[in-house]
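These notes open a run of structures that come right after.
Next come two complexes built around chain A: one with chain B, the other with chain C.
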Partner chain A sequence: MGNFLEAPYLLEAVVVVLGLALLMLEAFLPKADKRLVAYIALFGLAGVLVASFNMKAPENLEHSFWSFYATDNLAFFYKNIAVLATMLVIVMAIEYTPVLEKYVSQGSKQGGLGEFFCLPVFVCAGLMWMASAKEFITIFVSLETVTISFYVLVAYMRRNVGSLEAGVKYLILGALSTGFFVYGVTWVFGLTGETHLEKIGIALQGLEGSDSAVLFAFTLILVGLGFKVAAVPFHVWVPDVYQGAPTPVTAFLSVGSKAAGFIVATRILQPFLEMERLHSSFTTILVIVTGATILFGNFAAIPQTNFKRLLAYSSISHAGFLLLALTCTPDQFQLTPGQVVAFYLATYLLMTMLCFLVLTIVRRSTESDEIAAFSGLHRRSPFLAFALLIGVISLAGVPLTAGFLGKFFVFTLAIDSGRWILLAFAVVGAASGFYYYLKVARAMYWEEPTELAAIEISPLARLALLLLIIATIVFGVYPAPILGLLTN
Partner chain B sequence: MSNLLYILIFLPILASIAIALGAPARLSAIGAALVNLAISLFLFASFDSTAAGYQFAASFPVIPSPEISLSVGLDGMSLVMVLLTAIVTLCAVWVSPKQVEGSLGLYYCSSLLISAGGLGAFCATDLFFFYAFHELALIPTFLMIGIWGTGARKMVAWKITIYLGLGSVILLAGLLALFINLGGKSFDMATMQAAVAAAELPATTQAWIFLTLLIGFGILISLFPFHSWAAPAYASAPTPTSMLHAGVLKKFGLYGLLRVAVPMLPGGINTPLPLPLLGEITVLDLMLWLLLGNIIVIGLVTIAQKDLDLMLGNSSVMHMGYVFLGIASYNSIGFSGAVVLMFGHGISIALLFALAGRIREHTGTLTISRLGGFGKLAPFLGLTFAFAAFASIGLPGFANFAGEVAVFLGAFKGAGTEITFLQGATIVALWGVVISAVYMLRAYRSVFKGEPHEGATMPDLTFSQRIPVLILVASLLIVGLYPPILLDKIKPGIELIAKAFAE
Partner chain C sequence: MLETYLPILMQLGVACGFAVSTLIVSVLLGKSGKTNPVKDSAYECGMLPIGEAQPRFSVKFYLVAMLFVLFDIEVVFMYPWAVVFKDLLVTSLLPVTLGMAGFVFILFIAYLYVLKKGALQWRD
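For the complex of A and B:
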């Protein structure tokens, strides 16, 4: 061990310290503008992001104390996703301050606001921890760090009934799903005597006796994970919580929680899927969940009139495409399902954050999340309208935007693995996506605005939007940098 | 030299960005289109018609594995399509209004982006970008129809978007299936083509992939029975969008069939597939039935139209059937005919939409019974409309005639004493020429002949408005009077495609 700077948990530790420092700062400077906390968090995380690209992963951890801690490309990739998502969420939170003030403050104007900027940093630390976890206890602890922070964040607007309702729903269903997950873990431990995923894989290969116990354990864990990634039929919390939660938190849930769920799913499912005897049973269960998720997510999105709810169903449908990748066992294609999922999530981060950032800004000036509130946005702010247009067409998967490539790879995987039925579902789902995503474009460009006042955009938000637009288009045409991070 | 194609593709995109940042919309758009036409003509002139394979090729690697690169190159077929796109684009932005309700910049940007999508798709020699560029046009079309369309614009815009969206996703599945079955390593078309022989795909697999591609491309081409989006969309869309979409973009599907499906799935066409409701049927027979649907059924539908714009939209759907017939003949004569016909149809339909758009702009209606005698009021308009109508029917002297003749010849090439389904279908399809003559001439007579309605006015085209019209008429006549100007350049590339399945 010795050298702290070479410790595998260095980045996470820095983020936790940053979070604690921010809390202290917030407590000892009661008079200061709370947004100061956010700006400091932003700079701190930017530092972490830069550092993470320049860090050399410690090697040969298998036999050390840190054997439960993955330091592979995938882990670092997800850490970058987590940090980037957190930074964008904080930018959004700064834009969202006026709304928060309305529903939170007591006494002074910004009373009780500071923690809203600190908690995402702790979520970020949990997500980064999770990216490396390959042992059930670590997975559980990091998962709960994230989830418990989210319980607070979702219900943060205490004078808003919607936010409180969302908080209660998320708490109850979250706790329930955690229960399922832990119960599944205990079954696995009972069967194999291990909590370390690699060792579980080995133990499962040589396992004799009842298959139903393994299947039961697998299903329980899948229920827990399904909740995190919003897979059908464990998605029921998603629309209400997304709609009720403060918009920056919704964005964080949509990207951060999903990314974390999928890195864990990628790691956990592997030992099970490698078990030859039950491979087909596990796959069947996954395929059923995937099919239901793709169809439900896409079809239920069609009639939505509230943009936040629409994004909630869109989040479900994207979970379906991501799960589809996980069910695949490619034959010819050179990218693994794990890499495709990671790539997809990186693009999903860009386009979803783009949408939520515009939503946050529009929400502040129109006080509404309805699609109707975007009517004639093109006249009021061509820049915002263009940003959102790029966001939604990327979500819909129009080529030459980042969102297309994710779908492109998923489709290729599905064909290569002969998942014809799921592919047919995905085709129908993707086509219906054109309809419901473009509903927003229709409102912005076709409809007449209800008012004509220009919408103010802060320089920071403008910069973030510009960078996201450029990234969405550039990575849609030239994805090599992202893929390079995954394959080197 | 090798970067010319990149300039060609990205110039409209750069011009759109400039317009979005505040450059004068009309001037920039026409400027970009003029430069592009000049480049296309230069490429056309310097194209070596003795060499097969791609010329002016350039490549920019994007992903190493699976290999995707922004590769471009032209063979005779894509050269003709690029020329078509450049001509129609210039005319489309030229006839665009100088003022529109709402954002003028968005209007011109959309047209330019549709054009860039077409150019990119025709230049690309990489399957990924071939597909991706075409889709670039989808969103501008949606916006154009939705914002500046006429009639039931919103419904129509949805219809075209969902149809084309579904079509392109099906197409994507088909292309990816082809990619995986040809090794799954590279999206470069030449590499994939080279892998065809080694892959030795089972004929049934090829047939299934061909069918998927036929449906995917077919929706984009408005192949019967997936055609119902086309006529209302062209009728409702603003003039430049109809010109670009009917004239250029719809050719993408046909071009794709010739570029991808025909050479890369040589065994897929004649293998019976057990299809629900239809029983055992080969893809070729299915294609022939469907193209007869285009020619005869839609032909009769076209006769029944009461509005000029719907009639033109339907006629454009109908004429796709002839191009399909050229492809279905499966020899180099038929293929060449298909390419020339694509060019001729693209130019003539763009001209017809441009003139109809001019009439609508002035009268506010295109209902045939409410128009009349325009030949007296606006002689130049009447004359050029007649040219376009004659071209569209397929009278000798126009590009369409050269194409149609080659298509019909192709179908009978090597025919024995027995009449095959292909030849039978061709004989039926010949009657389609009569049908087009009926509706085109009838519309021409009602709109341009006779006495003008009382109080009706129709100013003739001004000097500036005549320029794009003359460019289009000249293109039709030059190719019509001297078809080898295109055929010579098409030949080597087409023979390569024909060779691919003959082996």
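For the complex of A and C:
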């Protein structure tokens, strides 16, 4: 009980209290500018981010609480990703306020807008708890905290048909996938009598009897997780939901939801992959899903003309690269697949947020998500064009950007584990990535603009863009700080 | 393993069998009277059958009903909590009660929010 006030779970508690306080502010000060809620959320989360670096894992892990709450480096790393992503989403949401006012407002101009800034904070709390969850009930509850908040956020623009359509699709498919996941969990519980992942690992080693039951459970869980991380063939919802949802929410789905899905996948797959008897079967299933995801995500992105849809397919293809890392069982590579995935997600956060932030600003002034809306962007705002250029070349994986190093680590891991066929797919996928990402760059620098009015950028957004550009380039050259957080 | 479920199967059979046999027996043994429109109409002290079978009612009903279920479940949740943690209360009183206090606190904030937003007000 001595370390009650220094325990890492206080971070989540603080985030929840922050969310509740914002909700109260929203309810009791209906006349205030709703952006006040956003600024307070931003400062609160910044405080949590700073505090998370000072949190230490408890030394005495005997209490039963720590058996379902992980405090390893990976958990802290994903908590940082969650907080950082939420902060950037709130910055984006502030930029997006004019669009929201148009489709949401009831009564007054900003009526019904406050919750749009509160809900991401609750999502953040769920994501942070999920980073530490290593027991099925905890994983499920935090997963649902995140997903249910997302249902509301996706359908937030209730006077916009696209947003409503996205909301319905996400709700129905999300509920279905949750059903698959829970059914898988009950099968695992039926087989092993455990919900703790570590104990499940031990129980699976000594399991006798039918293999098909274990395979069935594994497949069901994989379906549930595949939906969360947007892996083929569970990706059908992605393009429509990404396109219809408010842009900040799309960014959050693409980074936050994916990061959460992958930390859970990293933890859940481990006990299964350690089961020697069925190791090859599990790997085969994973390899098939991975191959399909890489190929489909990249090839389907090629003909896209809408930038948001393009980023949706890009999100699928990145899920493919991340899954590729998870299928690996390296012999001598210094980083574990879990660490490579975490590094890749950190770089993915930077470049995806960069693209979405530019998209949010352009969307506000042109009212369009089409790639055509970016025509001649460098003449309207050289800074925005440069920011998006860095974002897309990093997504494509051009050397000296963070995106290159993420792909580099994944490929090295694949070579070390001898996943040659998947590697060939990945190379083809990455190569086609150059085509569709640079299509945006071509529109910005070589096409004629339809209008010449300069685009204004608020100081906060300018600062966020600047930091993201610097981080994308610096971590592409010098990744040691991120790797230090993961390995030390 | 499955034979332990045999009584349930039997009960299922008895339940369905009883319903079906009652219907069949009533057709076989009962006498059906002659029908005419006057006989089929509502009894004299009943309401006249006018209007839709499913009347429209305010969407606020769903809001109030949903909120009722939410806060109702909160109380329902306390019973298993009290039963499960009965023994643990002796050794670690503080974490157990604090956990529940936190849960109730979150719902209290939610209640304040609902109240302030006017979700429980029937009239605008």
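Here are a few things to note about the model shown:
In this text, the second predicted complex is superposed on the first by the 481 of 488 C-alpha atoms of A that agree within 3 Å, B and C clash if a C-alpha of one lies under 4 Å from a C-alpha of the other, contacts with A are read in each partner's own complex, and residues count from 1 in each chain.
By our rule, contacts are C-beta pairs under 8 Å (C-beta built on N, C-alpha and C of every residue); 3 or more make two chains touch, one makes a residue touch a chain.
Fair warning: this is a prediction, and the values are worked out from it, not measured in the lab.
In the superposition on chain A, A:K169 makes contact with neither chain B nor chain C.
Of the two partner chains, chain B is the only one touched by A:W446; chain C is not.
When chain B and chain C are set side by side, the one touching more residues of chain A is B.
With both structures placed on the common chain, the touch criterion links A:K34 to neither chain B nor chain C. By the touch criterion stated above, A:L20 is placed in contact with chain C alone, chain B being left untouched. In the superposition on chain A, none of the residues of chain A is touched both by chain B in one structure and by chain C in the other.
The residues of chain B lying in touch with chain A in their complex are 20, 62-66, 70, 102-103, 106, 128, 131-133, 135-136, 138-139, 142-143, 146-147, 154, 157-158, 161-162, 165-166, 169-170, 172-173, 176-177, 179-180, 183-185.
Contact residues on chain A toward chain C in their complex (touch as defined above): 1, 13, 16, 20, 23-24, 26-28.
Residues of chain C touching chain A in their complex: 92, 94-95, 102, 106, 109, 112-113, 116-117. Residue ranges of chain A in contact with chain B, taken from their complex: 331-335, 378-379, 382, 386, 389, 393, 396, 398-400, 404, 408, 411-412, 415-416, 423, 427, 430-431, 433-435, 438, 441-442, 445-446, 477-480, 483, 487.
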